[in-house]
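Next up, some structures in structure tokens.
Paired with subunit B in one complex and with subunit C in the other, subunit A is shared by the two complexes that follow.
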Partner chain A sequence: MKENKTAPYLFMLPALIIYLSVIIFPVFYSLWISFQSGTGIGSMEFVGMKNYTQLIHDEVFWMSFKHTIIWIVLTVFVTTTVSLMLAVLMNQKFRGRTFFRAFFYFPSVISAIAVAIIWRWIYNPQIGFINQFAQMLGLDFTQTWISTPNTALIALFIAALWQAIGQPMILFLAGLGGISPDVLEAASIDGANGVQTFFHITIPLMKDTFIMVISTLLIAAMKVYDIVKGLTDGGPNNATQVLASYMYNQVFQYNNVGYGTAIAIIMVLMMLIVIIPYMSFTAKKE
Partner chain B sequence: MEGKAKKNAKSALRYLVLIILALLWIVPIVTLFLTAIKAKSDFISGLGLFEMPERLAWENFTNAMTQGRLFLYMKNDLIICLLKVPLGIFISSMAAFALTRTKLKHATAWFVFLLLGMMLPMQIALVPISIIYNKLGLINTYFGLFYIYIGFGVSFMILIMHGFMKGIDFAIDEAAYIDGANKWQNFFHIILPICKPAIATLFITDFLSTWNEYLLASVIINDNKLKTVPVGLMTFVGEHGTDYGYLCAGVLISVIPVMAVYLIFQRYFVEGMAGAVK
Partner chain C sequence: MKGKSVKKFLSAVLVGTMTASLLAGCGGSSGGGGSEDSKDSESDKAASDSGVDLSGVEAIADIGYEGDPIELSFWYLQTRQEGTDVLTEVFNKANPNINVTVSYYDTDGIKDACKTAAQSGSMPSMWFNWGGALGQYYVDNDVTYDLTEYGEANGWADLYTPGAMNLVTLGGQVSGIPTSYNVIGVYYRTDLFKQYNLEVPKTIEEFESVCATLKENGITPMDTAGLNGWHVMRWIEQFIEYEAGADMHDELQSLSTSWDCDAVKKGLERYERYCKEGYFPDGFITASPDDTYMAFGMGSAAMDIQGQWYDSTLQNNEVTLENVSWFPFPNETGRMSAFAEMNQFNKNLSDEELEAAIAYTNFLFSNEAAKIYPTYYNLPLPRTDADPVDPAVNPNVQDMLDTSSENGTFTITDQAFPTEVADVLFNNQDAIANGETTPEKAAAAIQKAIESYQSK
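Moving on to the complex of A and B:
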């Protein structure tokens, strides 16, 4: 009988130890560091809310915040729409369907760092694909896509989109596959056309899939870092600086450890907007 | 007849759309390849992207592997993955077993608590981990890296294993216990083997995300001899910024093993992702 009571906890123990030490403890430790100032170990001093009040007056922080919000909005609307459209296309029966599905997914398996470096060769003003292709068509122009503040963020997003649509597409395909053909047939007998059926039947039936897709995309968008690091490193002139990259630069380039950690805390607070509903959704489903 | 013509037109349109999209999608890889086969002198002489060089510069590839240390980076990454992935799956399966198939109190609360890690940004752990690791001498160690990888991986793994184990018939456990098995025997000999499909999917997907991880690896590993592929790739780019062909060859090489793994185990990705929805 004794085994029955302790055994569940023993099974939980290894995961719990690692989880607490790698995730939960650092959250509180970070909170503590964010109230301090200094360049690193040994030289930290408690400054209360100073890092946070300084953030409010930091122009670059607000730029990073704005870019993160833009990135989230673009991700939720553009990435979701494009991957849903592709999934609808792939859900039809035709020859080569498996091939195309695998094909559009492949950028998802490449590391974001490699994706960033690959796209440098698309955007390169001298030997890059876009400008060379334009030249081939007889258009004589050179545009420095990622070193011009106006185009940098959108160019970055397009590179990220290339990689980002694979996973939501597969999730949408699974969602579409779960809808019974009878329901769709009934709708068409009742006189609904394809578009009506899609918006009034298919989309509402995929509610769970949408929640899953949008919450994973949202979380990924809030912490976007690798592609920024590899393609622009926040530049030019902070035109592509996001919270994650600004946090990293403050801590590891300028040695403002407390200040950078305060940015990480802000990121977590933003995440709570997603975390709390997601948690209650999961708890209810259980 | 009219219906058939309409159907044909629709089918043709579909292929047209797909082929245009596919061509757009392949552009980055084609560009990479067209640049990788050119020598430094080709760029100096102003050879265009779509023009073929007189001689294909295969030495770009061999040099990137050896002098560019890409072979070393791949070996390091492989070691990390082979340590992290099985261990992570094992401890997550144990936790999922406790959550779904034992009388653990407040199992739902535990489950939700354990999922938090999936959502928290890694940035929150960067400073504490680097401070602690500096004190403990864990910077530039594989243990330091894969320990924190496991920590950030357990949430997703528990989610997947939890979903799969929930679906296994509880009569199986009862039969095992009646036959005199204890919880550990049930876990190792009965439940874990049933979970093989979920484990296979997790193995492949987690292997790739571990292989591709950049942020934590860049903070914990700064010794060139120990770097993983994404961190090594950034170093490689930094070292050879203007040698375009060489650089692209290196990136292409880093992509090839991942592509091979993907092509071989393709169905696990699709099934695994679909499984996460349930």
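Moving on to the complex of A and C:
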């Protein structure tokens, strides 16, 4: 029977059209816009690399870039660690385990804006839970968590962490569930204690899960926006400004569409730094 | 077997719950949508629930349109949803060939939504906006209908108040229908003033003395909230009005004189001093301005700088006006900060759509509508035939407007400034409060932002 070589491509065509029109074309069109200047309505003026050279001298851009890197590092290390610890805990057999799994997963289904509103009240210096609880314990404590530049970004991250740990926890639970009990039993018989088993057996066997969790968290961290917008709007005085929120302000508040799009292209390049090695690694593995 | 039956039962319950929630999300409307039956029942139910008599608005809702069906979209503020939903239902019911759908946004959300829509060519038929730089964007980018000729043909110069028409005339064209004219004053708690033997301050020295006494007694003197910057700005522009005087302040607002000047520095120094003295609430920089009524209403803050709509805001949030009054900030000129709100219209509307949209706007902002829902309007309406404000409902409104007529006004700063310059001011407000910058550096930074904007 003659093999139909065109049939597979015909089946791929609808998906390809959607992919090209919704993802590929907008990316290249955005690249084109980043070489222009204008308000986004009507014609724009070609300015070449001017937007990018302006970015080099833009203090707020570098501040946003720094905050985004800090956010990425915190997300990769802290969110991964906390989610993993929760997953290990939730993997134990105890009464109410299912309830606690749902309990820790629940914040991840709340929208980021709702999380921001909740945490703005938790952080309220006068009537917020944290300060009120501290005062109840007898501490004379009125910390302005999100209004102080030194604590604002960390306070924002804690709010985001509360929401973010649920999904990685589920992925880690799935990974832990995939480890054969025979392997763990063999390790135990060979004299390995819990910690040794965890670091030398469990973690290596969960390599694929780690790759998936870390790459997902990394990409989400690079484009963090809604919780920043909802909780601090990038303030106080740009102390929590990240690339996504600064890009949004430039395009939609200041009408510097070309300039804001240049920031978006920088963000895309940052994501490619993660995605290309990830894709090469998974391709090699296959 | 028993376990399998339980699992099947639980699965069936979950599927049923998910299906029910999915179907629940498909129904309902937020004004203007749905069948005729649901239109009748929604407005009747809402009106009957609140004991509202709609006969006054029902009598004027029918505009006699019998042409082809028209769909209109209107973007408005979420704080006014309750009354607007009912009134829109009344209008749609009276005009079966016109269907107005209203979408609601918060104060800053609507600015972003309109900008996004403008850039993507998806503006609604009409939208709420402010005057000044905020409305100017849509004029400059040819998005909004030029209503100059329409206004002339329909006698708007006699229909709307001169102050309001002035503030909606941008770039030489009438860019919207004025829907409110607002002035800013200092609301204060009369009970707290009485408790601490305080008089309404007539000079800035007396004002500082009042603040010091309140602070000593554990009351926050000046309520404010810095998220998005504009509430704190209301205090700062008063300090600058005091230091600069009327003429220079007007020049500063029109960007025709440098902000790197002594008057601005002194105004910012006063702000810095008040921050250090603790006259503002702790952590105010990232607090939401939508929530200042809470501290004021609870009596933990004594003064809040607001427009005459605050009478309505407080009542809508169940704060009695018995212990509330106002005074103009003692800036020596007596002038009050002012701004207008308007409805702008999509320039692509057909003649019939424009007529219908204007008719809806005039209905929504009619005396009859404002009478039914006075707390959802910034009263009085900016019309020469506007009903006087009922002092029993809004005791401070008329006095504020009369004072502004007598003493004069200046354009509120965040409407005088382009957004990117206003944001530099707001960032420097935060930085001064946190000790990250000095008033001198802040003034220079604002001027630098102005020069950068003007050189574009």
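To be clear about the criterion, the second predicted complex is superposed on the first by the 262 of 286 C-alpha atoms of A that agree within 3 Å, B and C clash if a C-alpha of one lies under 4 Å from a C-alpha of the other, contacts with A are read in each partner's own complex, and residues count from 1 in each chain.
Going forward, contacts are C-beta pairs under 8 Å (C-beta built on N, C-alpha and C of every residue); 3 or more make two chains touch, one makes a residue touch a chain.
Small disclaimer: the values here were computed from a predicted structure and weren't measured.
Considered on the superposed subunit A, subunit B and subunit C are sterically incompatible, since they clash. In the superposed model, A:9 lies in contact with subunit B only, and not with subunit C. Looking at the shared chain after the overlay, A:148 reaches subunit C, while subunit B stays out of its contact range.
Judged by the touch definition given at the top, the superposed model places A:257 against both subunit B and subunit C.
In the superposed pair of complexes, A:72 makes contact with neither subunit B nor subunit C. Contacts of A:164 after superposition on the shared chain: neither subunit B nor subunit C is touched.
Touching more residues of subunit A than its counterpart among subunit B and subunit C is B. Contact with subunit C, but none with subunit B, is seen for A:39 once the two complexes are overlaid on the shared chain.
Residue contacts after overlaying the shared chain place A:176 against neither subunit B nor subunit C.
Looking at the shared chain after the overlay, A:249 reaches subunit C, while subunit B stays out of its contact range.
In the superposition on chain A, contact of A:221 is made with neither subunit B nor subunit C. For the superposition on chain A, the stretches of subunit C under consideration are 128-136, 290-298, 380-388 or 416-424; the one running into subunit B is 290-298. Across the superposed pair, subunit B and subunit C both touch subunit A at residues 40-41, 251-252, 257. Of all the residues in subunit A, the ones that touch subunit C in their complex are 39-42, 120, 123-126, 142, 144-149, 152, 231-233, 235-238, 249, 251-257.
The touching residues of subunit B, when paired with subunit A in their complex, are 11, 14-15, 17-18, 21-22, 25, 27-29, 31-32, 35, 43, 48-50, 91-92, 94-95, 97-99, 102-104, 108-112, 114-129, 131, 134-135, 147-148, 150-152, 154-155, 158, 182-184, 187, 208, 211-215, 219, 229-230, 233-234, 237, 244, 247-248, 251, 254-255, 258-259, 261-263, 266, 269-270, 273-274, 276-277.
By the touch criterion stated above, subunit C contacts subunit A in their complex at residues 111-112, 115-116, 118-119, 137, 140-143, 226-229, 281-288, 295, 300, 418-420, 423, 426-428, 430-431, 433-434, 436-437. Across the complex, subunit B is touched by residues 3-4, 7-9, 11-12, 14-16, 18-19, 21-27, 29-30, 33, 40-41, 86, 89, 92, 94, 96, 100-107, 109-115, 117-119, 121-122, 127-129, 132-133, 135-136, 162, 167, 170-171, 173-175, 177, 208-209, 212, 219, 222-223, 225-226, 229-230, 244, 247-248, 251-252, 257, 260-261, 263-265, 267-268, 271, 274-275, 278-279, 282-283, 286 of subunit A.
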